[in-house]
């Protein structure tokens, strides 16, 4: 149950089977830092090439293909006072016929006030100078080495996690990743101070963070996509295009989870989903879109867990 | 401000420019009944062919193309004690590779207890006999005559409304439809006792209702898709396939709404949406899928209204 | 076997159950005229509102739901010397990120030389003044009244046909439509002097025509989508979005056709399709995209016919 | 202009920045062999894990990011007498509602007769015993190392090529790949004896080959997707999902190509595409679907070339 402090000195713009920066054990936690999506750290300096440079990978002792690596985001503290976004919205989220009227996409700077818990545009026009959004940190891109020795750009996502850009992945969330490589090889980065559904501006409020996370290993869980538990919800996230596809993948995996943990058949699990399912569009911007299939925790779902039935 | 009581004697399986069953004025309310999606009413008798038979159309005095017809769902009271669903899930919401393993889709009956506010499966297996879902009535299919004299099946949806199957369209919601035909010609039906996101079983808990609604006419609003206000949220709903398309349409219309009502430009409106937007997948089952682009009401959105700036 | 001459005096912008303009018998042919997509006829005058106004409907004696109406396009003669297109390409066929750089879409005029068999831009720049395309007439929009008494805009398409914009639907092609209404109610219009795959400019070279077609009725064929036979090919066309969906529908219907007419099972039919299928993207512009699933005629397919096994 | 003979002893199931097996120069040709998609070679022995194991990579002297690597498929000779497919069709190409009726997908064996130029099922039922398909060899999966040091599964495809499964990529075709890594690093494998459009059975007739290819380097061409020239056609291929997306990418790149090589503007290039474009659905089975945007060679296109304007 060691609490490691790890200061990164190199970063990776792919998630893959790379040399580990630190070996940790199931139960351990790590305090470390992440760069913003452009490779800029707490001091405003460029530390790595743009495109979601990752901290890691962390090798988890004993992790093997078929296992689940549970990662709890214990804390995310912005370590500088500003972040940035792009505006207006990404072209892919608007009616193609409406795009001719939009101004050019440009970068905007935001003030992050961790004490007040607010995120506010720097240099707003008078008409929006009162606009303030709650600070709700989340990790945009994190996951484990994918199958078959692949090394995949941090622009995209898959069963191994990656650039999911989902606003539920903040402090308090535990995410279970399917393990594909020895040691799991966990990467993290691309923190957002806040973000709406879909990451439709193509960014959250992008900034650097101090992050504390804890890992737990569960043997041979047979996950096909990442699962997550928060204080209030249970969910599966999946990736693909168009949005219909990650919805299909996430729903199929949630059906498996319900059947396994509640001991019901496909018809009964469908009754539950049909009446109670919630879907979140995590991102509709990246090369692979992400959709979460979510159930609020109720009496019905109380036997469902990331830790399986064993 | 008349309160009409209207007992339907005929129904329509298309939404279009049909003879009105009643003429009403802006400000009036109507108490009427709706059949379930299979055409069955409060007494269990088949009153119309299956496929979302509609009550109406109601001709609203003075409504003209370009206007907005605001419909407030005042009340939905189930008028029988049972509903039905299909299970397992619809094939389109699952990984195509997983479909071979599923049992055949069949109809299941549910008990609706309006006093207790619950919906429970009739004849559940012992392992799910405690499962209970909250009664949360909603209208699955309603809207106004579409443009160009079309008459469109109640299976699908479009800018005129139709089979949107969105769980936010329950008591307390006000929906503003763009008017395309003289008198607007409002239709309603296909009530659900409850339904998860996406209508992924292909049904909510389908039943018949007594419904009270009120209409209000607003001249020349230029809506392109239905807008809605609830106690807590403002939203636009749109239809198309794949899910990416209604998301694009709804986001584009929400951007127009924000710019018009808040007096901001496209970049500023994008800041708001980028940090605060919520998306709901209303249905991912019908020929046209529906997605809602939603903002929770906050200080920022307080000048937004279905009633425009006039 | 009557050869009718029909001069239209009214047109329809929906395809639906409307009063017939002429009753014809199986085996009859009709010589008539069609307006261009903007409602302009042979003399340059606007005869009907824009949006694919249709000639018809023609009531076919004895046609009943479940039958197939075979329509052979015998001849299409442009009846004026000009047509028009839009340019540049429609926004939906380009990378959304590339749209900002494109000029505004505008209308362009073309010269149609029926004797030379060419289509050439009027007023080309010197660098393209030699460009000439072959005159290859086709009907963009035609079909029969859809199911359930619907009346659907000629902008879109479905199992009943409609705005399919497929370049194979020219002289010599026989198209078999599923009949949904008594008399079938056949409509036609929206002729193109030529068009590439996908109608990616949002138009072919749009012009008015004299058209001769012949109908044949086949009882109770159980078609789910239009089928077509040309001198060289057999094909099914279907409509939906995204392109994946009409491909699924057309492939499924082709699988049924092969199994029925060749007397093979699904595995054997799949061997044929897997090695020999051709797909055409008919249009990727209209509200419903269209894809054709096509087989070139070979020894293997010689028992396949629009006329069924009876 | 060396003609290398290279006998592979190891294979890769990813395409990425891996150690080269041979260095070759622009203008050189290579005679080598490829395994089938399951890793089986000419003698029926399993030489590598299943999933399109690649021969290569070949390092091309002087190739740098931004260059184009032109690969001409000079010859493909099947080096064993059998191949295999799966049947029935892949679930993703059929209407989801139709999947319940299909038999389980199983492997089937085929006889390849290189002398007769035919491909025939082994052990056909009497009703299809005459079925024969022409031997039309093609490379299913080939390409160069992708950008940013990625190593990507040979299941999928992207701007670097990969598992495109396009039937035009056979002997006589020259494919130009954008170079992302020093030496380009060319991989090849996954040959098919024949295949219809879309690879809708999930396979072509999969077999092993002796392949001869020739490379040519062109400096700084700025390609964004692979381009190809055959005896009769010019085309761009792109990858993504749904089919709409690779169509968008390929059309956008073709528009660039036309403008650059014909010296015309976007409106003029759109006239050409609008009247003359052809689309091929290369595969609609792999994680990324592929669509080709194609122009038949005519007088209009005679100045278009893979070798640029320089």
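We just call them A, B, C and D in the order they show up, numbering each chain from 1.
The rule is simple: a contact is a pair of C-beta atoms (placed from the backbone, for glycine too) under 8 Å apart; a residue touches a chain by one contact, two chains touch by 3 or more.
These numbers were taken from a predicted model, which means no experiment stands behind them.
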Q: Provide the labels of all chains in contact with chain B and in contact with chain C.
A: A, D
Q: Compare the CA centroid of chain C with every other chain's and tell me the farthest one.
A: A
Q.
Centroid of chain B to centroid of chain D, CA atoms only: how many Å?
A. 47
Q | Whole-Å gap separating chain A and chain D, where each centre is the average of the chain's CA atoms | A | 34
(Q) I'd like to verify one number: the distance from the centre of chain C to the centre of chain D, where each centre is the average of its C-alpha atoms, in whole angstrom. (A) 32
**Q.** For chain A, residues contacting two or more additional chains
**A.** 92, 96, 102, 242
Q | Partner chain A, residues of chain B touching it in the complex | A | 85, 87-89, 92-96, 98, 101-103, 106, 108, 119, 121, 124-125, 127-128, 130-131, 133, 194-201, 203-205, 241-244, 247-249, 251-252, 255, 262-281, 284, 289, 299-300
Q. Which of the residues in chain D come into contact with chain A in the complex?
A. 13-14, 16, 51, 147-153, 240-242, 245
Q. So in the complex, which bits of chain A are touching chain C?
A. 91-92, 96-97, 99-100, 102, 104, 242
